[in-house]
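Below you'll find the structures, each written out as structure tokens.
Same chain, two partners: chain A is paired with chain B first, then with chain C.
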Partner chain A sequence: MADITKGVAVDATAPASRRVPRSLVEVVAPVAVIAVIILVLPLFIPSFVSSLVTKMMIYGLFGMSLNIIWGYAGIPSFGHAAFFGVGGYATGILILKVGISSFWINFLLAVAVAAVIAAILGVPAFRVFGVGAGNTNPIYFLLATIAFGELLSRMAIALRPLTGGSTGLAGIPEPDLGLGFRITSGRLYYLTFIVVAVCLYLMYRVVNSHFGYALRGIHDNEKRMQALGYNTWLYKYTSWIIAGVFGAVAGIMFAYFGSVMAPNSLAMSTSDISFLLVIMGSSTTFLGPLVASVVYVGIEYLASVYLPDRWPIIFGALFVFTIMVTPQGLGVEILKGWRRLVRGAS
Partner chain B sequence: MSQFLVTGLNGLSYAFILFLLAAGFSLTFGVMGVLNLAHGALFMFGAYVGLQAVDSFGSFWVGIVLAFVALAVIGLGLYYFFLRHLYNKVPEQAVLTIGIAIIVANVVLWIWGPRAKIMQTPPGLTGVIHVGTLAFPIYRVFIIVVGLVILGILWWMQDRTRTGAIIRAGMDNKEMTVALGVNYGLVSTLIFLLGMALAGLAGVMGAPILGAYPSMGDNLLLLALIVVVVGGTGYIQGTMLGALVIGLFDTFGKAYVPQVALFFSYIVFLIVLLVRPSGLIGRRVF
Partner chain C sequence: MALLEVENISVHFGGLAAVSNVSFNIEPGERLALIGPNGAGKTTLFNLLTGQLKPSSGKVLFKGQDITHASVFARTHMGMARSFQIVSLFSYQSVLVNALIGLQGIHKSRYGLVKYMLRDQELQAAARELLESVELWDLRDEIVSSLAYGQQRKLEIALSLASKPELLLLDEPSCGLTTSESADITTRIKELGSRITVLMIAHDMDLVFGVAERVIVLHYGRIACEGTCEEIRTDQLVKDIYMGSRKGLTAGSGGKL
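On to the complex of A and B.
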């Protein structure tokens, strides 16, 4: 956290009337509040709610990883589940088929696999990025990324000995940390919290580094960034791999959380969740997708209790509602309220 | 040799089903730049409307007309209430239409149940044509003929009519076209309507071969977008070429190398993206 406060010191060029630095208001305070709430929450809530919160954290990480490329670099990928699924499948295969039980080794290997897959898929993806309507509307890129996820899910179905075919991998055990105690579902909650918190910190550092500002520049005006001497292809490609890696981390945690991986988790139906989170949470705020994931998982839970058969209609209606009613996303609205709270009515 | 010919004909008829599926998608996407990812789901809806009409009225032709009209009405609503407001915002269009696709799939599941249905080949189109020692099913030949007729109409519309000229002009520069006093809004609404209606027609036409089940929308959408991207957007002949390439590759792949056939069309798709990202006959959209 020391580095975040250092960033605040740099930001303190604001007029004296606005004492509270931006990043403190926008990032540090909400993160601290959320962290404290999440840490003490399991003491007060029944275990099924804490498993919902675990899911919220995993989906939040998933949405935020997509937001690195969507919100910051302006690359709307529709196949982000490819990385989510690859992370999860790699974990499952390493445990069930290869026989590596250590959480740490699995984690590193699964992340490495996802990075390699992202590096491979990134080449054709960014070859088509500017084709079509240019960078403001990368239509072909959208279509290509949709196809990547589907291609991988078909491969997961076809490679039956490795992936279990269309039924997928079942019975992924609880993570073995090598610390001498079992990770029960209550402890998985804390493990997920730590992993997600570390990832959030790393992502925060990435998007607020020189690299992150270059991505914002590419989003706003790629030609200008090229004229300034930036190799924009390399920046976009790297951000794609970074987003893929964090998406894979979400997938790894999801594999442990759900203990099953199905081909569906690579396909469009899972990608749908990731970009719903980005659009609903708003792609212009760092924590937006996390907020959206709280709302999404909450609604999903309520629907599964009261209207399990009609959940897809509600899910679809969330898309329509988000686009037509709150196109800026919940994150922006909440941020406005938060700033008003901190600075008084202004 | 005879197996090769039969596979070839199957591939051709599959290619024409793909063409019918992708033609509407290509019209709205390639010509107007509206990315309608609900196309596959609405194609499926058309198939179910056709099946219901065959059940209720006992006529395949009534089914075709009903699906055509129903999808045109849905297309009008979709365009007028939603997509019209999202001009030039492709990611937003994509997210919105995916939501609509999910809703449509669930509504179909709700109304018609989860079981796959297959339409009987309509009377008058059953049986086979004998050419020498080979036997071709009449229905597959019928699909090829209808596909060719629709290809002809769309091609003529694109190159020879005022509507086509307006569309091509709007594709190059919408502001200039509007400034010249063309009612581009009306033309684009009609084109969207036509694209949707074609999806309905294609849904009923394909029902005796593809069947109908509530989860087919995603697969069909992917096929449509692969066809459109491989062929290249903006020209109807590009869509035809893409449909032929994918249809023949897929059918021959399934016949001769079934192990990899599951993702044969994806491999073609990736190769085309790498080698010629704008498609085989492509031009830039907008």
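On to the complex of A and C.
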């Protein structure tokens, strides 16, 4: 965590003196390339692969939402699945139990529910995080966030009439966009693409805004930030809610994608995924977790085919392997390679 | 009316009275130095004034308002700023970003979620002015951790001035600097003039006598004496505190200059 150069984001708007703006080279160009690839991909690949790509996009969003608080504000949360699961469960409950079919209304309500839950959980959480401006050990915060996820997953099991208990909610239909436009599984790919793309854009604005730079300042030196006149508690609390909302969007899309929502999507086992995505993708780059999710979902798929009973070991090995081979994360490695490529070409 | 009034302030850490019954005033435009041997409670007193610590008893008034329980950032918005004894910067960001973050702390845009901070022309212009005043503008794209120590010190002072304070609290501004760098800091503080009231902790006596109009000597958490530079220079008690006394008046002080 020491090397917080924030490769992609810090230089997003480089001084005009440079010939080619860094933002163009390091953000706009790669994003455009990735977007074009994703858009034309379904023409060439079988549908099961495009469903994997859908999952990559959803997990990518999930990892990047955690990165807002972890990579930028320096708050590692072990319970990010709480928001993922809340988003998914809210969607499932609204469709199956409340009977709202419109995708848009569901989406807004689920996001609102997640924001409210984040706002409630954030109050106790930030009582134990960095209150003394850097003097507090983040371990208490980590423990509290683990507890939130486990608490919510227990609640999901206990509230059987609403949540379907330990088997969860099954049979979440494909999203209904209204005007008779039903989303088939092929179209869900594009809907996910649009939702994720919009979220990425919004998150990019947030982390490069005045607020976003204040988060980086808090990451580096919270004591100084307070002395400069920042209410750092409010920043951390707000970033927690923002990260929670984007995590919930990932959960909403996941519920539509998988058509089921189980209690473990609120718990540690799902939080671990977001954690791995940030570590593997590198918390210092904006797009890193998205890159990691490609690797992660790919390996998850291969494992499910060839070694279906060995997933926990493989998952654990992925953590160890990442730390050993690319401790800074794939995002940093790719960014270095990309810079070299661009410099070589120009 | 005094700018800052400190009334009988005390703080205890367990059984240790780090600061006890300290009272003093600072008039607007004044330059006041706080000296004393190591462990005298100078930095603790600073933390009480800036809100990092809350006093066990006593009151702090700033511009006539009771700020004893106000938060650190609220005090900054009222016009108080501080520097840190150990440089306290955003080490992994560029010099320019440090200045921008520093400047937007009291700026209304600081909660802005949408606009790119780096494209804020108003902040950029202010940052240029701030960095030029400490001769760091040419180094604006350097990462702070790669700067020389003297430059980091300058940036430290620049950040303390970023919030346009009326009262500036400097905690050993010349700590770790060479003699010429220290002299440079002395001139800079003098150049602030009477616009900014300065309360300064220092071990460097050249800095103290060069800058301060009044000196407070802190010893064992209490004010041992106060007066003008000339009075302090010749005061027997101050000599005893710093050099030790044969009579054992200040046994165990062992302070060094």
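List of remarks:
As a convention for this text, the second predicted complex is superposed on the first by the 319 of 346 C-alpha atoms of A that agree within 3 Å, B and C clash if a C-alpha of one lies under 4 Å from a C-alpha of the other, contacts with A are read in each partner's own complex, and residues count from 1 in each chain.
Definition applied: a contact is a pair of C-beta atoms (placed from the backbone, for glycine too) under 8 Å apart; a residue touches a chain by one contact, two chains touch by 3 or more.
The shown structure was predicted, so the numbers you read here are calculated from the model rather than taken from an experiment.
When the two structures are aligned on the shared chain, A:I120 is found in touch with neither chain B nor chain C. By the touch criterion stated above, A:R216 is placed in contact with chain C alone, chain B being left untouched. Once the two complexes are overlaid on the shared chain, A:A35 sits clear of chain B and of chain C alike. Of the two partner chains placed by superposition, A:L307 touches none, neither chain B nor chain C. Touch criterion not met for A:L108: it reaches neither chain B nor chain C.
Of the two partner chains placed by the overlay, only chain B lies in contact with A:R154; chain C stays clear of it.
Judged by the number of chain A residues each one touches, B leads among chain B and chain C. Touched by chain B in one complex and by chain C in the other are residues 133 of chain A. Considering their complex, residues 76, 78, 123-124, 127-128, 131-134, 136-140, 142-144, 146-147, 150-151, 154-155, 157-158, 267-269, 272, 275-276, 279, 309-310, 312-313, 315-320, 322-324, 327 of chain A touch chain B. By the touch rule above, chain C contacts chain A in their complex via residues 50, 52, 71-73, 76-77, 81-82, 84, 88-94, 97, 100-102, 104-107, 109-120, 141, 143, 159-160, 162-163.
Put simply, chain B touches chain A in their complex at residues 29, 33, 35, 82, 85-86, 88-92, 94-96, 98-103, 105-107, 109-110, 218, 222, 225-226, 228-229, 233, 262-263, 266, 269-270, 273-274, 277-278, 284-286.
Residues 3-6, 10, 12-13, 15, 133, 205-206, 208-214, 216-217, 220-221, 223-232 of chain A are the ones touching chain C in the complex.
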